[in-house]
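Okay, so chain A shows up in both of these, paired with chain B first and chain C after.
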Partner chain A sequence: MTKSVFDTRDSIRAGELTATAAAEDALRQVEQVNPQLDAATEILREEALEQAAELDRRLESGEEPGPLAGVPFTVKSNICTLYGRTTAASRIIENHVSPYEATAVRRLREAGAVCVAKTNLDEFGMGSSTENSSIKITKNPWETNHVPGGSSGGAAALCSATRGMLHLGSDTGGSIRQPAAYCGVTGLKPTYGRVSRYGLLAFASSLDQIGPLQHSALECALVLEAMAGVDEMDCTSRNVEVKDYVESASRDISGMRLGIAPELFPEGVDSEVRERVEQAIEVLRGLGAEVKEVSLPNARYANPAYVLVSAAEASSNLARYDGVHFGHRTKEAEDLVALYKSSRAEGFGPEVKRRIMIGAFVLSSGYYDAFYLKALKVRKLIRQDFETALGEVDAVVCPTSPITAFPIGERMDDPMKLYAVDVLTVPANLASLPALSLPCGLSGDGLPIGMQLYGRAMEDDVVLRIANAFQSETEHHLQAPPVNAWGGGGEA
Partner chain B sequence: MCAEKKLDPLENSAYEAVVGLEVHVQLNTRTKMFCRCENRFGAEPNTNVCPVCLGWPGALPYANREAIEQSLRAVLACGCEVGEFSKFDRKNYYYPDLPKGYQISQYDQPLGLGGQVDFLLDGEKAGVRLTRIHLEEDAGKNTHVAGRPVSFVDLNRAGTPLLEIVTEPDISSAAEAGAFLRNLRLIMLYLGVSDCNMEEGSLRCDVNVSIRPKGAQHLETRAEIKNLNSFNFIEKALHYEVSRQIDLKERGEEVVQETRLYDPERDETRSMRGKEAEHDYRYFPEPDLTPVTFTREQLEDIRSSLPELPAARLQRYTSELGLEDYPADLLVRDHEAAIFFDACIELYPKARSAANWILNSLKEEANSRKTGISSLGLEPGRFVDLVKAVDDGVVSSQKGREVLKPMLESDKPVAEIISELGLEQISDDSELREQVEKVLSEHPGPVEDVRAGKKNSVNFLVGQVMKETRGKANPGKVAEMIGEILSA
Partner chain C sequence: MSIEVTDELVEKIAVLSRLDLTREELDGFKEHFEKVLEYVGELQELETDGVDPSLFTSEASNVLRSDEGTPSLPNEVALRPSPDSEPPYFLVPRIIGDAESSEN
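Moving on, here comes the complex of A and B:
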């Protein structure tokens, strides 16, 4: 039984493990936990084994098949892969197979990684619980009556319950970090522009970013290194040097300055969450970090600004699913307008419709200035707040979510209550900054609690480094959930 | 100008027309605006496409630098102000020819603001101010099949770069609209940014029309006529629309703000959608593209690389080369002819001769082959050899035209063609004198008439000599010789 992605990689390199055996093991793990978790939307057994066999042939003939040769990975179903469906967990494109693959996926595949499954999400990434999936509701491996968080809930749950794989998620307002926190794994939303968005089904283009969910910061560093870098297919990807993230994340943190902003410890934060995060900060202090208070006066406006900006972009991004070119087409329609209306009404789920309506409204003439434009101004202020704060410190520390994973169904009737759990994650997307969530302990109910680190733009290595220092000192990230693929409790 | 010109409804009318145009010019870049598909016309439907221009989920646009540079050439040539910052916006609407459900266009920060296009209208100087020039992507093409409940969508054109040029409502007649547009088209051709082929739709025009009492300053409610793709249609649609609006007002009814479509078969405009159905396009900045920025130096580089534009060329032809206004204008209006002409006068500075030969003989050859001068494949050097041969009296100008055809069919030197066809003029005076005397002795009647002062008979005798020599004589010289002989 391999433990980390590094073990899988190294064993294959050393010839102790074949790519086929690694794929078989990954498939077995996914197949074992999926009936309980509903985390994978599709298990790509045949295709994965075919690719693994090809890799083994190449390995045997002495070819260099890439730095991640034979390492299995999973892809959130809103990211394009050449095999497996890319449905964004929406009925409207429930059978969609992409004719091309996302740049991030291509880079992993070209590094030798093998895609074994597509994972569940809230429809088009809209949600914080994976309950908005049109396919199925994913369960939290720590407590299967609870949500895994969202929207990358499938990836987070699968990561938590398995070992030795890479998992790609996407994060528009916390969709990697919040489920990572709820499932006790480490999730990184890279700096906007660090990873190409080409092939990610757009929710909100100026906020979306692809990133890894793993068991450790070092694993995240490994994935980031493989997929980061400028891409001519995405002109918002930035031409900034791709560091050796594993190496830079391995350095110590003595003398590093950490900021605590009272605005990111608001009243709604659960006391247990606050306590665990504060304890974690003490650990970091013990590792040589200086801690000081910083101020983010506009952070409290982040959530409404996020709701407006993301909905506005979504209303336009999702226009292409119109029943003419893409997506479900209604059986009966009198004319073109009726075709559009019925196809979209039948194909989209309620949360997606709600956001499209909000977005179309805030962009419409007469309301643009009062809503969309104002939200952009708030966004700019939040950006400036972080620039100031991160001029004084190297990273800002806060909880990932004000609460721990909640019971399935609890927040579905009240969207405002559901949006509220994003309050600590959305500022990173608005400010285009890297942010990482890592486990820092369990609640009294045995549910994971996540701590979040915000870094400066393009300094993804700094948050990885702080997280790695913490994980070198503690074992929270090694704790295993009750549902897991190796059949044991406690440590993996 | 237009083939069947109707009576201008504004003649002797108490109204005047207020017209503004939105002109769409398809750029001739190598690739499309936001992807790497080829930018070309005429492929099999839906074959020149990729995930980006098809709007496949997850695909992203990537701005074509060549299109931005071409647009800047147009913007600078039209005298627009260029901001150092420009951006793309999304224009949201649903239509089957628009795969993404939005068009990438420019809203509040276009590439160019203001500007003016000057031209001649019935020999008088005229000008139309521009509001703006912006860059956008074209949509695909819908084809509706009459009598069948289906429509076809071809997305080859989707994503091709399109320049939209919007004028102020400065135009007051169909003739002026036509003159403006012809001139604008010429500028684009000179810049080389578009082939401006109206039949293929690479130049299209929306027309905004209203009328008001003559001399009034205010603007009244306008109608917009969409997608006109020939000069003829634009003028006819304007005539129809102005008459319609005059009729409405005369009957005491109001013009409603609406979009209308011109039907060339019935020569009328019809309402397409009313104001209540006007779209709210919900423009917002395109988040998938970074803003377009350029430095002053980059702009200056483009400005200094602009070619000589039509107005400057006309000026040069008339004042520097001494051409008459009319042939100069004819040359300037035919870009290929003007380029050929310039190449000729580099080699042979008799501008008038070159201009005459190009405008009369060469263009006729091109027209009869339904092509342009450049497609004739004629080297300016060989053409100049012919012009020179005529100017030097080696071949008569009449016979010179017979030389042109074989010149276009082979690469033989001009002199060789002339001698093969036996078309050299009789340059030997004694040989010519022999022929003249022979004709005079055979036609005593006309000779008598000439002696009696009848000038027409000289022409008859010259004609007879030309006939005898099968056109190889120089008619001027023959007439001179007849005069000499008969007055001796």
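Moving on, here comes the complex of A and C:
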């Protein structure tokens, strides 16, 4: 069954498909690919079917069941759901069941969507390969010896290998866009404040944002429309009109101005990646877009600034995992401080410990000005660079990642090698801008390549529109990976 | 600013981080820390005098709401994820009354 989320939604509304049948199909797909991919950390068969049956009762009795009635969805395991565990793929909260629900999840559920699975990630979102999960390593459906990217690697792999579902991820420095690029799907990091962060386990509060990973920009628009909007539980959510994103993404792009910044095509970008992105830009030009060069002189400082800012916020946010309020507590501790230290040392994985330590250092007395304050100032300069560039163009185009998906284990020996992969995605988080990754072809080895679009703050519709125009003209987003649940392309 | 990464500094950071790390973990971190300091060192090249170091780069400003109480999670529900509790309290080891209890 090859179909989009719109097909699932429309069939249910037309009475041709029950919510139960849609949930059954989604569960079958996840269950079929998960043994090969390890993308879902939990498949919520019983709970999903219960929800679906309830929706079918409401549909039968003629009630208005919501705009996404019966559409199945998955949730990254660092986002709180009322059923299924919210573990952040960390041992420190490996059995955590949240007593409350994330606003983004609640809005999808109230629109009638049904949660069928929780998905894998790098512990607390810290990583770019999903190898830092304490649960298992997710595999790339295009080549199962390769990583799916991260940290939303479970969502990206599952999206790539299945059809007709919604997938929620989170993005602090590229965690939606980079795995979307590696798995050949479309991923949107909305403008900071577009979607409530309430119920997203905080990694770096000034950078984190929840967003969709889907097959197409139009599907992303549908999810964004359902989730976006101000929320009194998150005072950084913005009270700005929620557009009809599906409608606005459907418009053409003739006369739109696209910027190319040499700083976002640095030397380290693989030649095949560069080539595919340049070809994609030609397609956009053919659709009526004007292309011009812009300058982002401080973009090269984004990654070091990100390393410091994100670590500082993480060290503060992760102080709450103390062996008292949540999850793991050490067996023997003679006093409270020893209880904190041992519980945390036993519960956190190596990368999380490294980031907490870096963060504690940059916030500590004597080093704060030289490191943390400096990074905040650089952040401001990067935001100003984008404001200037996006004053001249409607969006900036660049690769999502300098490379394609790499073999599992290749970069685990040196965390710095993993950090380098984020260099083209972190500027969007530092500058609070919307950014989207979409597939634009395959490498010679058959691995997906992603193109990225940066837009102005609160103009998420513009990047969706450019991506949709590209996808209306091309078929890169419809290609099936070798591991898939619907029998498309290679082996099913 | 040049920083000498000593065992003492790394141990101090572990205390601030509330992490009881093994010698091996501390040595591993020391090596990583040196690389991170080298990597972020290039920020020092940038002239940033007079730049506003704001925490957020989003346009949001202060958000106020009316000063009225609203319902929150019931106590027993909020305590559910805790490893040890006795409503309405979280339970922790004894922390008062023992002089040698903690240096921190």
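We take it that the second predicted complex is superposed on the first by the 487 of 492 C-alpha atoms of A that agree within 3 Å, B and C clash if a C-alpha of one lies under 4 Å from a C-alpha of the other, contacts with A are read in each partner's own complex, and residues count from 1 in each chain.
Simple rule for what comes next: a contact is a pair of C-beta atoms (placed from the backbone, for glycine too) under 8 Å apart; a residue touches a chain by one contact, two chains touch by 3 or more.
On a predicted model such as this, the values are computed, not experimentally measured, just so you know.
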| item | value |
| --- | --- |
| Touching partner for A:Ser342 - first (chain B), second (chain C), both, neither | second |
| Chain B versus chain C as contact partner of A:Thr388, first or second or both or neither | neither |
| Partner chain(s) touched by A:Asn145 [first = chain B, second = chain C, both, neither] | neither |
| Touched partner set for A:Leu201, first chain B, second chain C, both or neither | first |
| If touched residues of chain A are counted for chain B and for chain C, the larger one | C |
| First (chain B), second (chain C), both or neither touched by A:Ser254 | neither |
| Contacts of A:Lys380 with chain B and chain C, given as first, second, both or neither | second |
| On chain A, the residue positions that both chain B and chain C contact, one per complex | 93, 96, 98-100, 206, 232, 235-236, 315, 319, 322, 324-326, 336, 340, 360, 364 |
| Chain A residues touching chain B - in the complex, by the definition given at the top | 79-80, 86, 88, 93, 96, 98-100, 102, 197-202, 204-206, 232-236, 312-313, 315-316, 318-322, 324-326, 336, 340, 360, 363-365, 368, 372 |
| Touching residues on chain A, where the partner in the complex is chain C | 93, 96-100, 191-193, 206, 232, 235-236, 238, 298, 301, 304-305, 307-308, 315, 319, 322-329, 333-342, 344-345, 348, 350, 353-354, 356-358, 360-361, 364, 367, 370-371, 373-381, 383, 415-416, 419, 430-432, 457 |
| Of chain C, residues touching chain A in the complex | 1, 3, 10, 13-14, 16-21, 25, 28-29, 32-33, 35-36, 39-40, 42-44, 46, 48, 51-60, 63, 65, 73, 77-78, 80-84, 90, 92-95, 98, 101-102, 104 |
| Complex contact set, residues of chain B against chain A | 51, 54-63, 90, 92, 94, 96, 99-102, 153, 280, 282-284, 287-290 |
